[in-house]
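Across the two complexes that follow, chain A remains constant while its partner is chain B and subsequently chain C.
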Partner chain A sequence: MIPYLGIMLASLLLGIIGVLLVNERHSRVVGSVFSGITMLLAFAVLVSGIQSGSLNFSENYIYYISQFNVSLNLQLTPISLALVLMASVVAFVTVFAGNPEHEREKTASALILLFEFAAIGLFASGNLLLFFIFWDIGVLALFFMIYLLGSANRRRAAIKFLIYELLASLLLLFAIMLVYFYTPMHSFDINYIIANSVTMSSSTQTLIFAFLFVAFLINMPVFPLHLWLPDAHTEASTQGSMLLSGVLTKFGGYGMLLAFALIPAAANFSLFVALLGGFSAFYAAFVLMTQHDIKRVIAYTTIVEMSIILVGIATLNPFGTAGATFAMLAHGFAISMLFLVAGSIGHIFADRDFRAVKGVIASSAATGYTFLIGVFATTGVPLTAAFIGDVLIFLGAIRAFSAMGVIPLLSLGIVGAYLYYVMNKSVFSTREVSKTIEYIGSSQKLGYAILLFFIFLFGLLPFLILNFFNL
Partner chain B sequence: MIELLVVFPLVAAAILSLLLKRSPKAAGYIALLAALATLAIALSIFISPGAPQSFQWFTAGNLLFSISTTAAPINILLLMLVSVITPLIFLYSIGFMRVPSEQARFYFEMCVFAAAMVLFSISANFITMFIAWEMLGITSYMLIGFWYRKEHAPTAARKAITTILIGDILMLMGILLIGAAYGTFEFSAVLSAPGSPALDLALILILLAAFTKSAQFPFHEWLSDAMEGPTPVSAFLHSSTMVKAGVFLIAVLLPLYEAAHLLPVILVIGLVSALIGVSNALTDRHIKKILAYSTIEDLGLMFVALGLGSLPAAIALFFVQTFYKALLFMGAGAIMRANDEKEDIYKIYGATLSRPLIAAMAIGALSIAGIFPLSGFFGKAMLEGAAMQNILVYTIIFAVELGTGLYMFRWMFTVSRKSYEQTSTLKLNYGSIPKSMMVPIYVLAAAVLVASIAYLYLPTYLQSSSGGASISDGLIGMFASIIGIALAYRIYLQGHRVHLESTSPGMFAVVHNSTLVNSVYLKITRTFSYAAGLAMYIDFAFDKMTYGFAQALISSGNIIRKVENGQTNMYVLGFVVGMVVLVLAFIL
Partner chain C sequence: MIPYIGYIIAGALFLFVATDILAVWHKKLKLQLIVSTALLGLLALTALYGIMSGQSSVALGIFNINPFSMLFVLLFSLSLMLVNFLAYEYSNDYAAFLMLLGFASIGMFAIAMANSLVTILLGIELMTVPTAFMIMLNGKQFVESAIKLFILAAIAISVLSFAVALVFPYDPSLALASLATNPGISGTYILVLALLLFITALSFDASLFPFNLWIPDVYTGAPGYVTALLAGINKKVAFVALFEVLLLVMFPLAGYYSSALQALAIMTMFFGNIVALVQNNVKRLFAYSSIAQAGYITLGIVSVTQYGIEASIFQIIVHSFMIIGSFAIVLWLESKNIRTITDYNGLGSRNAFAAFALTIFMISLIGIPPTAGFVGKFLLFTSTINVGLLALTIIAVINSFISVYYYAKVIMSMYAKKDRSAMKATWSINAVVLVCLAVVIVFGIFPQPLISMASAAATAIFPI
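Right, the complex of A and B next:
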């Protein structure tokens, strides 16, 4: 039994040291190598999981705080496997391709590896204290990504991001402590809590769920706590945006799935949560229609998608859960690809306003077509991974909330219509072509290719992941 | 066998996308080869249909997602139409596409489009159908916007994809409702399932989706704008693919609509669309848009046939329309080629200069007008036979027929006028239309003639109990068309043209109602924009509120900070006041 998860985390830590030791020019390569190794290991996990037909990756390392019975225990559920795969791919592409300007690559690479470490640790953590620690590492890594590497107003956006996220992690800590004190054996262990949380009184459960819910709502983000996201995206570097939407928002999604699993009483609120998700999807879709910065447009599609995922989570049936997981996987690939495209457009034209950028297809056909496929992958066109996610989410929603459950799907129509409008104005409008300031390199194109590959891989072969679910 | 149908065009597309930046000339031939290979396979399936097949894609619980194909007669009919038309279109394109740098992209998109249509024609469940359906929408978006350097092409493409996207989402909603209610996506299983409210809702959603795809009122306006695409695309889109998908799907699901009592809706929308198509075709000046409106009319009539519950009539119209519409579009492309790509019919001259061309096009025009013994007549005859019971419907069809004869021959007569200044250049131009463009036109003209014989076998082939229509059913409609043609002759050849646009603009606005419809579309998007503005305002207000909250924290901090300002007398004062308050509190 190879301890894959431990090796992945160790390789990332080694990677951080490696990046910090070499000089600026080589840092991206070193970062890519270690991140690439992690990605391959993640797929090795998938392959061995498929071969054995089950996921029993449970790894226990040193006792971290023995008094609290906290060890570094890592485990994989189907949900975390999907998210670990996604996070490792997205982080690899981010470190490898996300910086066409080659600005401060050493800092960026080190922070990306640190964030990847946090993300994989969080998705694979077997107890809540580790979950919390990895959560904060991730948030801080991204805070520094924005604060150090963003554009002009980065500091303000970074602080805003930090305040929202720290509020979330504070609530998370409260909730975790409450769970610890109110479970009979005083444990942080997720499996133990899931098995024993019924013993908590319903009012305690409600309180814990309320804390967790708000914390994860902030992180997902869903209306009305989404306001940090557009600003953070506008100011973050391309790499920051890719990780922010691609992976960080999945902390919240994963946490929300976990919250519903941990707290049985949460089921009482499922209808309310689904309504909030549905409303948020339409709300964000409408706000999306007023945005002009390509990055902000894409940022709002994240809110729409995450709201739909929230609907899937709130269905509380296997379809909705598997669908939400799959949609998070799909969304991670698609959104990081779109942010890579937006970053490349910004790099090529030194502008990201789609009314000003003209003729992307003439300057960089690869960027233009990848943008187009990114739009398909966002609106859930069949054969892209998003389609599977949407189908499962809404099958679950119909089962849970009758035919009404399918309504939030309409919000994707608004998103799609506006995205095609953006395409029409910027990518396919070549009557006048904006001046090309810079060219993108082959690493960006390879980055597109990798993400496209995974979008279609999981769109064509969804059973790779779905077979692990008990549908 | 059946899976190879899709494989060939896709392999061709892959080759085109990878290898052919360098040798653009080969692109068309590779695509043509793939289309011919598909035709060969389709023929072999036609001869020995074989059993339905199903490939498991994945399962989710008890729900099986599979790629299922069927070789039912109606599917094979569409498959044959598609695979016969595809090589003709590709051959035509070889002559038509002159820009070397765009060859590979064009044939790539066309091949994917053809593959999607073939897959659609043989699909046996909702999942397969939906995959093909979306692929059709996307590739049509790419193809309509193919000349993205043109001013209106990207806008036209966006209009198409936006309309189609609405349909796609509604369709997906419908499919999911069916999947959740019945636990299956197979057409055959759903067709034999008992009705339920969920199914009715799903059927309405699917019907709306079909209306978007088949350009029926109120979703019809994208189709005329889609003329911004290259002419082979228009011919392809309008004859056997894409817009036919909606009609075909409803035809397959017709028993369900009958059981759900939705036929009157289909009938009314069909009639309205047919009238809109005719009135706009009468007043538009764009050579291809007139044909586009005529397609809306044709599709409307197919929906009328479906709405009357007559599947044979719908399929007959479906069958005959393929040939004459492809023929007319290709002819229009050839005429435009000879007239320096002019699009206004009043600026186009001399179609008579090429006698074989005008002869072929006359066959097409007479067929669409429903003149015996061309194939169009039989389609219309069956429709009229089905409509006999309902006098109102019959009257409207009569008016539509009259309009068809009128606008079709307005089109024919106008483009064949002589231009005395340009005769020599025009003669040269018409003479130099490439053979590869003319051959498909002749083949299609022959097909229009042959289709009237093939029509006789259609009812037996479809194993339908209600046989073909009698010829007498169609005679009244033909009479209407002849009146229309005679009117066209008098108005457009003898110079009695009415300038409705200048003489009565109000009347013109009603007849040429595409402007009106477009302004309604614009109103709807405006409404959405207002809603979006409101949402943004709320978003902004929320953001301001959080800032206000932060500001309030800071100012409260500022107030409390004054307590510790370092002045001893203030501390003493505070101490004394505090003591007094405490003492008072204890005493009281």
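Right, the complex of A and C next:
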């Protein structure tokens, strides 16, 4: 058996070294090549999984701390496979298409590869300590991404991001140390803990779940701990935003799925979690309607979508879980495409306020139409991947919470309405056309194409992923 | 072979001091640097062999040769090498500095290998007094901090000798390890007083609150390489002495000192981290950060388990390299008159290597993977959770979180503005920083060899 996961991580590390060795001009190409190899390997994993009908990837490498029996052990569940695929595609597009200004490409490419390394390691990690380590590497990579490559007010946004995320990571660390000491055989191994966590007393389970829940809530982000996200997006570069919403928020989503799987007592709180998710979705949707910066608008759609995913996770039935996974996959593609488009709009018009930017469709048709499809793909229009995810989430929600479970869906309606208003006001308003400052290159268009391809691929052929779930 | 280790170490130490004294006359400084580095390297290799052989014996009647003592001989000789390089470049009077360093190093190695309380007392004296003079060597402006260090060291030493005197009636041999076998020891309040005096005296050098108020002034006032010596080695020596006294002599009183140290650790962490938040001078910031780190190290002793000691030893070793590396960069920048956080603006574009290294050191000091600082903190936190001290662990985690802010301030300032006038560091700074960086990163990714060594050392020192 080929150790795909190990090769993916190794290729990314080689990529970082390669990027740092070559000069500024070639760094983007080198980064794209190694990231592309990783993406192809991720799809090789998918293909071999489909051929054999099951996911049987478990790899074990060097020991980290032998006392705790922690080694670099990687494994794939259906959930992590979906997220690894998504992360590798998003990172690949980010590294070659996300920087039309060609600003500090060497730093950017190295940090993107480092972040991709962390993301794939996190989604594929077989034990909690490794999960934590990759989490922190990812957070640091994005912190530097925001701070080194962001816009004018990046200082405040970056420190806000770092403080929120490190708070989450320390809560996570504390929780996993508690898990370790309260499981009967003292282990960080995820499979072992899932099998044996029932033996913990219910108060311990509640305590651990509380820590994990807050940590992942910060990261997802869900009301009331979402405040870092809009600021981080406004100040981050296009590449930073793509990774931030596309991949980093999925750390929290994946963690939340993991938390419910690890802690049986968490089921007692599922209704509260779903209520919080539902409230957060409406809250973010209403705040969204007061935003004018296109990037900020898109940032709030992330909060809405992640809140709905939280509802799906809290249903605790196969539909909800598969739906949350699929929605995360779909959201990753869609949101990074929207941020790529927003970045292109900022590049073309040197402005991102939709009241000022008029007639995108006339200046760059590709950008305009991609924006439109991106809006379809976030609001869950049929044929896009998000549709499948949302349908599954709300099927699960109806099962778990009866008809009341569908209520959060209305928030998507609000988001859709406002986004179409934005489209109408700015992208398709051709009566007056803003002055074009710059043109986008073919790499941006190729980036759109790749993300569009995957949005429709998984929208039309959802069984590629859903085969691995028992629905 | 084991008995020879003692002779080799004693011989190398003697040669080290003798050549250092000679250097004051012949003034061949480059030769002296090479000779002293070679002798410290010999010490390090011997110590490494001692750790690998894993046996324990007593050499020359006064030196304990076991994995614990050898691990610290290794650590001290390596860190002395690094400080030596820094001083060579930046000291006004390198020959005199080296002579004082020779005396101080005898104190350090004596404590690492001590087998009696008297050795510890003499060692602390021999270490701190020359350090005060090292500061004074550099001119009038340093006298103030030298005097501060000298007076407080004198108080600490007198307290320590009083503590030793209180133990004397119970065990006239004053040997380490003997009181543990004395059944009449518990419930004797004189001994509890002795215990508290030991903790007080050693807390001066280990920089535990409230005995650490001299630290910020002296660290900031002293030349950078002496600060590196103080934070990287002297403090660690005090912790070694603390291990020896608490675990060997005072082990029956574990209940008392565990709770006392718990209080000290909490206060030290909060004091260091909170005051560091408002510092503007980077050197002072590192002084407070190193106070906070002393609090973390104490967590391992609080749990009074072999595993906790192992965690403390790991963190001591790692912190030694982190802080020497950091102070090396601070020292170099200070010589260019770059002191405050705002002065650090744009360092990332002026000298990418130094900025990167300082960033890694700070990430490691916060305790973020994949650096050795994370492994150390992880071991420490698990050691306290292991004995059920959840509240203490939460406090430590909160402190880690507080520390994010001030380290991030410096990191962000370094990468803030583009300032293209490049600055080149001298070869000795680069070499020292590179070594420290390698330790922090390599043991962050492959911590197992170092953990095994720390584990062997903890087994050697821990009774039962």
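The rule we apply is simple: the second predicted complex is superposed on the first by the 471 of 471 C-alpha atoms of A that agree within 3 Å, B and C clash if a C-alpha of one lies under 4 Å from a C-alpha of the other, contacts with A are read in each partner's own complex, and residues count from 1 in each chain.
Criterion: contacts are C-beta pairs under 8 Å (C-beta built on N, C-alpha and C of every residue); 3 or more make two chains touch, one makes a residue touch a chain.
Quantities reported herein were computed from a predicted structural model and do not represent experimental measurements.
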item: Touching partner for A:M289 - first (chain B), second (chain C), both, neither; value: first
item: Contacts of A:L148 with chain B and chain C, given as first, second, both or neither; value: second
item: First (chain B), second (chain C), both or neither touched by A:A266; value: neither
item: Chain A residues touched - chain C or chain B, whichever exceeds; value: B
item: Intersection of chain A interface sets (partners chain B, chain C); value: 163
item: Contact footprint of chain B on chain A as seen in their complex; value: 163, 224, 227, 283, 286-290, 318-319, 322, 361, 376, 379-383, 388, 390-392, 394-395, 398-399, 403, 406, 409-410, 412-414, 416-417, 420-421, 423-424, 428-431, 461-463, 466, 471
item: Complex interface listing, chain B residues touching chain A; value: 57-61, 63, 127, 130-131, 134-135, 138, 141, 145, 148-149, 151, 154-155, 157-158, 161-162, 165-166, 169, 172-173, 176-177, 179-181, 197-198, 201, 528-529, 531-536, 538-539, 542-543, 546, 550
item: Chain C to chain A touching residues, read off their complex; value: 363, 366, 368-370, 374-375, 378, 381-382, 385-386, 390, 393-394, 397, 400-401, 404-405, 408-409, 412, 415-416, 446-448, 451, 455
item: Residues of chain A defined as touching chain C within the complex; value: 62-68, 129, 132-133, 136-137, 140, 144, 147-148, 155, 158-159, 162-163, 166-167, 169-170, 173-174, 177-178, 180-181
